[in-house]
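Inspection log for the structure reproduced underneath, given as structure tokens.
Chain nomenclature is as follows: A, B, C and D, assigned in order of appearance, with residue numbering initiated at 1 for each chain independently.
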Amino acid sequence: MNSFGRLFRVGMFGESHGPHVGVVVDGAPAGLPLGVADFFADAERRRSGKPGTTARKETDSPTIASGVFEGRTTGAPILILFENRDVDSSAYEPLRRTPRPGQADLVALQKYGGFNDYRGGGAFSGRLTAALVAAGVIAKKLIRPAEVAAELVEAGGSADVEGAIEKAVKARDSIGGVVGCRVRGLPAGLGEPFFDSTEGLLSHLLFSIPGIKAVEFGSGIASSRMAGSEFNDEIVSTTGETRTNNAGGIIGGITNGNDVLFRVAVRPTASIGRSQHTVNMDTGELCEVSAKGRHDACFAVRVPVIVEAACAIVMADLMLIEQRIPRIFR
Amino acid sequence: MNSFGRLFRVGMFGESHGPHVGVVVDGAPAGLPLGVADFFADAERRRSGKPGTTARKETDSPTIASGVFEGRTTGAPILILFENRDVDSSAYEPLRRTPRPGQADLVALQKYGGFNDYRGGGAFSGRLTAALVAAGVIAKKLIRPAEVAAELVEAGGSADVEGAIEKAVKARDSIGGVVGCRVRGLPAGLGEPFFDSTEGLLSHLLFSIPGIKAVEFGSGIASSRMAGSEFNDEIVSTTGETRTNNAGGIIGGITNGNDVLFRVAVRPTASIGRSQHTVNMDTGELCEVSAKGRHDACFAVRVPVIVEAACAIVMADLMLIEQRIPRIFR
Amino acid sequence: MNSFGRLFRVGMFGESHGPHVGVVVDGAPAGLPLGVADFFADAERRRSGKPGTTARKETDSPTIASGVFEGRTTGAPILILFENRDVDSSAYEPLRRTPRPGQADLVALQKYGGFNDYRGGGAFSGRLTAALVAAGVIAKKLIRPAEVAAELVEAGGSADVEGAIEKAVKARDSIGGVVGCRVRGLPAGLGEPFFDSTEGLLSHLLFSIPGIKAVEFGSGIASSRMAGSEFNDEIVSTTGETRTNNAGGIIGGITNGNDVLFRVAVRPTASIGRSQHTVNMDTGELCEVSAKGRHDACFAVRVPVIVEAACAIVMADLMLIEQRIPRIFR
Amino acid sequence: MNSFGRLFRVGMFGESHGPHVGVVVDGAPAGLPLGVADFFADAERRRSGKPGTTARKETDSPTIASGVFEGRTTGAPILILFENRDVDSSAYEPLRRTPRPGQADLVALQKYGGFNDYRGGGAFSGRLTAALVAAGVIAKKLIRPAEVAAELVEAGGSADVEGAIEKAVKARDSIGGVVGCRVRGLPAGLGEPFFDSTEGLLSHLLFSIPGIKAVEFGSGIASSRMAGSEFNDEIVSTTGETRTNNAGGIIGGITNGNDVLFRVAVRPTASIGRSQHTVNMDTGELCEVSAKGRHDACFAVRVPVIVEAACAIVMADLMLIEQRIPRIFR
């Protein structure tokens, strides 16, 4: 099922080399000011991996095709479309029967009996994260004054992100990275114990971002090596402020009013210039493939804005459920 | 919402000091042999943190209250109840207005306006994992011959689990741990790209287990420090076997037929003998609390069987969706 | 899936001759006063088909097994159990292979491969409506001051309900009836255009009541024979009051602030003293069956309180979605 | 929530005077042959209310924008778009503050705080049924060899449909009608007892069609006036064939292998040439409105193909759940 959410529901569609990718956002309250320009900055951050301050119309300019009227959301489902341009599919035909290591080529073949659109990763393409980011833009507006901010804190195991990428490019190889995220200003009380814990919902959506291999909240993995006396966050006010924040702002699945903190680990880009072994699906023989042309040596640089989107979407849903966002913005 | 799943749907209820905790399992196929004795081994593992080979009737013996007839599932919702016995609530009354650090006491107060059952953690209690484990027993039967096996691989940062716990007990402190899980024999093709990725669904349920602070698949966090040439799993057969398994058996959100591998980090037990600061909710003054009586120094020892349950529940749902489990067992 | 609702979610379980039937109500706000006595009047109406003014403990007295603490809802799932007593299953054994006409015997056999609990209708039993009525009691409290009132307006085609039933009893036959329902005091704006229209959601739940064969809103079937000039409800105030109410208080799927009006048609009781043809599933030969003992000649008399429950459940869910019910009752 | 279904999930969007309306169909198996031409016949039936045998490209020609590759479904979400052309919104501006009787104008204003797109009914427009019909085309292909056939059996209370419409046109008034539907070739065992009864799911979707005011299964309302001995369908074969079909092919919420039969009542068209009272939302004064231009005197003539679509969508979902439709068409 390519949709997610209870009251704020997001559904995605599209393929890398089809006419467009896009998203339906169902359940956004009416009256929220929304225009095409609202999407530019985050779309540019996703495209370039850099903070997007540009106000000019980007290549990845979306069309708002429903749900907005006279500059405000109507309460009806919002359809956002991104056209796919300059699509050259010829490079993918030779790969059709030699699935690339680290890509979804082979599982797509297996799951869909070979009927999947294989060009450019088809429905598995990172291109669909443009749609996710667009939904995130709406969500970020809804949750205000709460704010989500993510950044790449490590690439290839190093804090010198640019240096690490440069090295990878030279080696015709790729690297991954770690993205840290902080949400400020959330109310306490979001999420449910057990199945709809805030961590459960957040991780559900975070792992839908291609290439994420780990999610940790607060002190995360390190917490497994701490003593209880060190880990437990002592409470210092009746509103729930804590001295430390090892829990990452979530206790028992519920936000506790402190900043929500989490980190995601991003694997290295699958497409690399070096040759790798795979199998020819027709002959069963081992063969070699390598990526032609330009590829991100570290797609993790584009991930922070996608993480922000996923996080904002979950928070918007939880805040609607808890009646922390009105049904109509006036 | 305390229910989870699309075709195999699990709903939990109950409080630590109420008459019982339990689970409704909706969507299990008819004809599956099921009896009370099926639950003993896993219930005992959860209770004691040790491999449960016992066949005797345990304290945590469940009642199957619907959905099973003449020793087999009927296709109707299965209700499983665990009675709460020997419940002494008196210890909790003094804590009602001094929320314990590391526990859900304060968020429960905030979320439910003080109407929550505060005794023994109420609806947040780890006691509810008995219900989750019971649902897991049914799921494990459904996914056969696939098999889920989890174990504690580290406690307090050490592979010498018993030694680490002993040290924590002496220090009147607590420790966490790391649980590793492997699923063998799964078909390729489970899960969806993006929102219902196998990782997304698994992590959703894994983070519903109290105390889990991180989930990583395959090489997980380490993958963010690997080169692409090192991380990508080379494909060695047309059925998708790979030379390595850094992806943890999941690519593009879809199982690829290799073992599914993941690890979860468990924080240290919140209740410790040492005193900790908190705040008196009535006066706003700082005060100290410490746990009386016997508490697990490392509740992570009980987590493997709960992880197995969560994992089997997700797999049963995905296998039903992909028609890998029949609607009727004959 | 035997659960229903988005924010106010109801899940049922149990069989006619199992230990009990019951319901889990998930999503009820915290702080709502609730006790066992709240269920007596409606349980009695369902049992006897008569207005239940009795305050004494009924045979169908429920146990509130979770989600209520110190007389108020806690915000956690509420489990309500009804014990099954005086169950004599012996009468059903001979019927196991000769499915009764008008009953679910044969479809249960087909759907569940013969593993269903056949005794007393098993999971198809009207007994489960006790659970539905219990969930309705909670929903009715939530939607206040809105009020749902249903009554039997016709039995066997006659407004003389008692006379019609008497005649049916004498004929060792059964009759059906028509139940009318009115909801007063609802806010305008509940429901969604298209898929989650108020009519769609209401009918979904109404048709889950065994024996309902038709649902009509406002002028219903008669509206198909009216002219537009006659059917359209002229608007007489800016708050949306209309001169007539042919629409039944719902336009475009949305409540318009006028009373919501609908009617359901109930088929005659399936079990009758007269003999009827069916087939022996083992031999394939035609044979005759007839109901032994006492059966309702017109179970429609019990339906109004069930209709009220179904209606209140839907309204509670819609009002929570529209933030017309608070998350905490103080 | 404007989406529906568990495994075969349909989500709609769009407004009457926006750039287009459309539908996302999620969960359709891979490998199903599908092309634009498949949609022509049903789109034409919806447009004209007449059996569509035309093969030429219609005005309402859809674009398949994702989920289909090389003439077959890929298993990814299918996006279908219908462009809105020749849209003249000027007529609606004067109506913005004088809500039309029988239309959703006023409830839209109330529900969305005046931010709704009011032009041509906006998101409430019957135009969206084009999207529903398109989803139905896919569903009809999936459920084969089962077949859904609906027709207008009555208009304005008369079987002489054409005569009745002519009379209404002359009177500058409108009429409603009754649509009957039959599904042949369904397997027994679809649907669930209680909440996901086949009747419940069908009615849920049928009532999402604008203007439907009643749904009845089998003998429907008439069944409430029959004796049990007359209503019960006697079983004549071990596969469940019955002598009569008063139940409409559904018992206990489950299909029994006989034809599924139901009828829906359609109210008269809301827009009529005669003037009707309403209120001016700014002044509170009563005023008169009447529809300008050409309107359907009986939009019920277009409803059969929409009913078929709604029915096929539900059946496709139920058949996927029961594994009666494969995950891959080869």
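By definition in this document, a contact is a pair of C-beta atoms (placed from the backbone, for glycine too) under 8 Å apart; a residue touches a chain by one contact, two chains touch by 3 or more.
These figures come from a predicted structure and were not determined experimentally.
Student: If you apply the touch rule, which chains end up adjacent to both subunit C and subunit D?
Tutor: Common contact partners of subunit C and subunit D, which must touch each of the two, are A, B.
Student: Any chance you could check whether A-D or A-C wins on number of contacting C-beta pairs?
Tutor: A-D
Student: Taking each chain's centre as the mean of its C-alpha atoms, give the chain farthest from subunit C.
Tutor: The most remote chain is A.
Student: Let me have the rounded angstrom distance from the C-alpha centre of subunit A over to the C-alpha centre of subunit B, please.
Tutor: So the centre of subunit A lies 26 Å away from the centre of subunit B.
Student: Quick one: report the Å distance separating subunit A from subunit D, using the average Cα coordinate of each chain.
Tutor: 36
Student: Report the inter-chain centroid distance for subunit A and subunit C in whole angstrom, where each centroid is the mean of the CA atoms.
Tutor: Chain centres of subunit A and subunit C, defined by C-alpha means, are spaced 44 Å apart.
Student: Give me the residues of subunit C that touch two or more other chains.
Tutor: In subunit C, residues 1-3, 6, 12, 76, 111, 123, 193 touch at least two other chains, as defined above.
Student: List the residues on subunit C that touch subunit B in their complex, please.
Tutor: 1-3, 9, 11-15, 18-22, 24, 26-27, 30-31, 63, 65-67, 69, 72-79, 111-113, 115-117, 122-123, 328, 330
Student: Sort out for me which residues of subunit A touch subunit B in the complex.
Tutor: Residues 1-4, 6, 10, 12, 99, 101-104, 106-108, 110-111, 123-124, 128, 132, 154, 156-157, 168, 171, 173-178, 188-189, 192-197, 199-201, 203-208, 210, 212-221, 223-238, 240, 242-243, 246-248, 251-257, 265-272, 274, 276-279, 281, 284, 286, 300 of subunit A touch subunit B in their complex.
Student: If we count contacts the way the header does, which residues on subunit C are in touch with subunit A in the complex?
Tutor: 6-7, 76, 193, 321-323, 326-327
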